[in-house]
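You will see chain A twice below: alongside chain B first, and alongside chain C after that.
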Partner chain A sequence: MTAVVERRAAPAQATLRTLAWVEARRYARHPVFLLGAGLLVWSSVAISDDLDATFPDFKVAVGFLVGVFGVLVGYQLTRSLSRSTDAVTAAPADGVLRTAALCLACLVPGALGLAWVGWLYATAVLTSTPDSAIGTGDRIAILLAGAVATVGGPLVGVMVGRWTRFPGAGLVAAVLLVLWTGFSSSALEQRASHLTDLARLQAPFAFWTSSGDAHATNWVAGGSPWWHLAYVVLLCGLAATAAMVHEATGGRRTRLWRVLAVLGVLALGCLALAVAGDPTRVPL
Partner chain B sequence: MIPQGLDRAVVGGTSALGAVILTACVVLAGDHPPLLFLRLGLVPLAAAAAFVLDDPAAPAVDAVPRTRRRRTADRTVGVALPLGVWATGVGALELRVPATAAAGLLVEGAGALAVGLALAALLRWAGRAEPGEIAASAVGGTMLALLVFDLPSWWPAPVFPGDDGWAASTALWGGLTLTAAVLVALTSADAWRRIPVGRRPAHVPWPSWRRRDPEPGGGGRPSPDWSRSSWASRR
Partner chain C sequence: MTAALTVSLTGVTKRYRGTPALDSVDLSFGAGITGLLGPNGAGKTTFLRIVATVLAPDAGDVRLLGRVPETADRLAEVRRRLGYLPQEMGFPRGFTAFGFVDYMAVLKEWTAHAARHAEVRRVLDLVDLGNVTTKRISALSGGQRRRVALAQALLGEPDLLLLDEPTTGVDPEQRVTLRQVLSRAGERSTVLLSTHQTEDVAALCDRVVVLDAGRVRFDGPVTDLVATAAGRVWLADAPHPAARASWRTGTGRHRNVGEAAPPGAEPAEPTLEDAYLLLLGDRARTTAVAA
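Up next, the complex of A and B:
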C-alpha cells in the first residue's frame, strides 16, 4: 500500500518570488548585460569631466547600453526555455507566473540604470555644471526617463520572446526601437510646434536638447518631461502586460486584456499632457 | 539555386525588413543620403547573413558523404539575397542622391555581411549547429553601438563615415571582408578525426589488404607484420 502525502501547494506569491530571484540571477550573469554594464562604466569615465548644460540627454548611454542591449537579453532569457517546454510546463508554475518572474527580473538592469542616473546627477552637481533653462525638477524627470528605458528595453525583449517564434526577433525588435527613436528625434530639426513635439515625444526614448552649430546654440525643446516620464512608465506596463497575456487563459486573459486597454488609454492621456505644454524652444 | 535546409523564413524576413528600411531611405532622402537610417537597414541584412549557416539537422547531415566545405559553399549562396538587397538599395539611393558614396557603401555592406557570416562559421566550427542567433546578436549589437556612439579619437579609421574618411573606411571594410572570407574557408574544413591507436580505420578496405600474400616464387616483397597494425606502430 502506498501512502500518499498531501502537500499544500506553495502560494503563488512565494513561487513568484522564488522564480523572480532565479531569473534575476540569470539576467545579472548574462554576457550581453555584463558587456553593456562594462561599456557603460567605460563611457562614464569618458564623460565625467565633460558635462555641460545638455547633460540630461547623456542618458542615451544608459538607455542604449543597458536598455537596447536589454532587448536582446530579455528575448534570449525568454526563448532559452523553449527547447525544454515539456519539462517547464510540468513545473508547478503556470506561464503567466513565469512571465511575471521574467518581468520582475528586468528590475536588475533598472537598478543599474537608477544607480547610473543618480551618479550622473551627483557628478553634475559636484562639478558645478553651469545652470541652464532646464529646471531641477525637469532635469530629474529627463534623467529618470533614462532609468525607465533600462527596464523598458528588457520588457520589450520578454514580450517579443513570448509572442514570436522565429530566430532573430530580438535583434529585429532592437533595430526597430533604435529606428523609432532616431526617426522621432529628427523632429528636433523641424520648426517648433505641438505636432513636432508629438512626433518627438511619442517615442519611448526622447531627446530634449539640441546642440546645433558646435554647441553655440543649445536649446531645450518644449513639452513636459514629467508627463513624458509617466508615459514611458505606462509603456513599460503595457509591454509587461502584453507579455503575460500570451500565456493567460480564461478569465485571467480577459482581465489582462482589460488592464492592457486601461494602460493604453492612460498612456495616450499622459502623452497628450506631455505635448500640451508650451512648444517654444528656450535657449540654454 | 536555393540551398536545401536554409531557413528561408528567417533569411527572407530579415532581408525584407532591410529592404523596407532602404526603400524608406530612398523615398525620404533629401539633399544628402540618410546614412544613419541606411546603416540601420544594413543591420538586419548582416543578421540574415549570420543565419545562412544555421543547420538544425547538422548531426544527421555530418554523416553524409558531402564535405562541410561543399555544404558551406552551397549555403553561402543564401547571402546573395541580403547582398542583392543592399546593392539595389545603394544603387537606387545613388540615382536619387548623386552625392551618395556608393562604392564605399557597397564595400561596407559586403564587409558587414562577411563578418556576420564569418562569426557564424566560427561558432559552427566551435560546435554550434545553429550559430545564427548569437552571431546575429553580436554583429547587430556591435553595429548599433557603433552607429549610436562615436569611437575614441585615437581610432585610426572611421567605421561608418559621414562626410569624410571614406577611403580609410573602405580599406578597413575591404580588409575585414578578406579576413572574413579566409576565416569562413578555414573554419569550413572538415574536422580531422583522430583514430585511436590500435583501431582499424573503418573506411580502408582492410581485409583485402590483409589477405595479400607474396607473389608466387618467393620473389615478391615480404609480407608486412600484420600481427600489429601499422597505425599502432606509429607510436
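Up next, the complex of A and C:
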C-alpha cells in the first residue's frame, strides 16, 4: 500500500494560488467560454474587413461573446459545487478564499478580451483606418473598457452564484445586463446633454459613437473614456467584493462591507468625472 | 498527535423550526470507531454535521481536537484534521474521479502538485478506484460514486473521520474492502460512523451510540447492547403476535424478537440488529420495514 504523504498546512496565499489555477483551468475548458471564444474568432474575420472610424465600439463583440457569456460561466462554476456543499464547507479553505479563487479565474476571459482588443487596435492601425475625432488615448480607453467587460461579466456571474439559489439565475443576470446596456445605449439617440451622458455611461458597457445608416454623419459622444474605464474597473471590484461578502463572517464581513462602501463611493466619483466633460458630440 | 478525547459535546441542542433534531446531547469520543445508529430523523446526520463544523448548534458546547471551533482560525485548524463524508453528496458535472478528489485536496490545502497527486492516487487506491480515476463521475455506478466521496474524506489520514452512511449502494465485496480501510483508520483516528447497517457496526465498532428523537438512547460497547437481547430472540415455526419484530428466515423458520417465547421456539443467538430493534421498539421496526 502507498504510504500517506507527509505535509504541513499551506499558507492561505499558496492555497489561493493553487485553487485559482485550478478554477482558471475549469474556466478555460468550460463549453460556454469555448463557444464564445469560437464565435469571437469567427466574427473577427468579418470585423477586420469592416473597420472604420467607429472601430473602438466594435468591442461589443468581445463584450458580448466573452463578457455576457461569461456571466453564465462564472455563475455555473460558482454553483457547480453546490451539491457537495457539506464536504466543501468542512474543508479548511473557506468560502471567501474559494470565491477569491473564482474571481481570479475570471482573468482567463480577461486575457482573451485584452488580446482581442489588442488585435483590433493593431489591425485598425495596420489597415490605416482614418484618423478621427477620437484621439489615440481615448480609443485605447474605449477598447480597454471592452477588455474589462470580459472580466466584469464573469464576476457578475460569480456574485449572482453566491447570492442567489434559484435555477437559471445566471441566465437572468445575463439578460438583465444586456437589457441594461441596451437601455443605456439608447441615450445616444437623445439630444446631447450631461443627463444623456449619465444615462449612457452609468452602464458597465457603453457605446461612444453613432453608427449605421441612421445618422448622416458619424459622431463621437461626450464624456471621458478614461474615467469611464476607471468606473467599470471599480464595478468589477464591487462585484468581486460583493461575492466575497456573502461568504465572510464576523470581522472579515464587516471589513468587506467597508471595502464595498469605499469602492462604491469611488465608482460614483469616477462616473461623475466621466460625465463632467463637454457633452457636445463631435463629428468623426 | 491525537488527543485522548477528540470530540466532546455538552448539552448540544439543534432545532429545525422548533422541532428538536438534537436535544441536550452529551457525548465524547476518543480514538477508535464508534457506530451511530438510530431511525430516520433520529438526529444522526445533524450530529455529524455539527461535529464536521458545517452546522452550528443552537445551544451547548462543542470541543473538537482540543479546540473550540468558534473563530475562523480555530475552525481552519480543526478542519485541517477532519475528514467528512456527508450523507448526500452530489458531484459537479464534468469531473473525473481523480479531478474531483484532486479539487477537494486543494481545498484541504494540498498545494504541492506532486504530493497532492500522490495522495489523491493513494486514497483512490484505498477505496479500490485506482482503475477508474480518469472516468467521469457521471459514468460511475452509485457504489463507485460513494467510494469517490469516501476517498475525499480519507485525504491526509484525518485525526477525526466522520462518515455518514458510507456503505450505501456499495456491493458486499467492496463493503469488506471498506471495512478494512476503516478499521485501519480507527487504529489511529477517531471515526464516527453513522449507518443503518447494523452489521457494519457489529463488524467494525468498539462502541455504539443509539440516537432516537434527538436523544441518546444507548451509549456503550457493542457487546453490551447485544447482551441486552440475550434470551429475547427465538426461532419458531410461526410469527409470534407479541414479538417486537418477526420475519421468515431462509430456513423457513420465523425469527421472533421479543420478550415472550413462542410455543415450540428455540432460543437464537442475538445480533446487534435484534438488540437495536428491542431498544427502539416500534419506531425501529417501522424503520426496518421501510428500509
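In this text, the second predicted complex is superposed on the first by the 271 of 284 C-alpha atoms of A that agree within 3 Å, B and C clash if a C-alpha of one lies under 4 Å from a C-alpha of the other, contacts with A are read in each partner's own complex, and residues count from 1 in each chain.
The rule we apply is simple: contacts are C-beta pairs under 8 Å (C-beta built on N, C-alpha and C of every residue); 3 or more make two chains touch, one makes a residue touch a chain.
The model shown is predicted, which means the values in this text are computed figures rather than measured ones.
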item: Clash-or-fit label for the pair chain B, chain C on chain A; value: fit
item: Which superposed partner A:D94 touches (first chain B, second chain C, both, neither); value: second
item: Which superposed partner A:T127 touches (first chain B, second chain C, both, neither); value: neither
item: First, second, both or neither for A:S193, with chain B first and chain C second; value: neither
item: Touching partner for A:T217 - first (chain B), second (chain C), both, neither; value: neither
item: Touching partner for A:G168 - first (chain B), second (chain C), both, neither; value: first
item: Residue contacts with chain A in the superposition, chain B compared against chain C; value: C
item: Where the C-alpha centre of chain A sits as vertex, the angle toward chain B and chain C in the overlay (nearest 10 degrees); value: 60
item: Partner chain in contact with A:F69 - chain B first, chain C second, else both or neither; value: first
item: Which superposed partner A:V32 touches (first chain B, second chain C, both, neither); value: first
item: After fitting on chain A: smallest Cα gap, chain B-chain C, Å; value: 10
item: Shared chain A surface residues [contacts with chain B and with chain C]; value: none
item: Partner chain C, residues of chain A touching it in the complex; value: 1-5, 7, 9-10, 14-15, 17-19, 22, 80-84, 86-94, 98, 249-250, 252
item: Chain A-facing residues of chain B, complex; value: 7, 9-10, 13-14, 17, 21, 36-37, 40, 43-44, 47, 51, 54, 130, 132-133, 136-137, 140-141, 144-145, 147-149, 152
item: Of chain C, residues touching chain A in the complex; value: 49, 52-54, 71-72, 75-76, 79-80, 82, 84-86, 89-93, 102-104, 106-112, 115, 118-119, 121-122, 125-126, 149, 152-153, 156-157
item: Complex contacts: residues of chain A adjacent to chain B; value: 32, 39, 43, 46, 60-61, 64-65, 68-69, 72, 76, 166-168, 170-172, 174-175, 178-179, 182-183
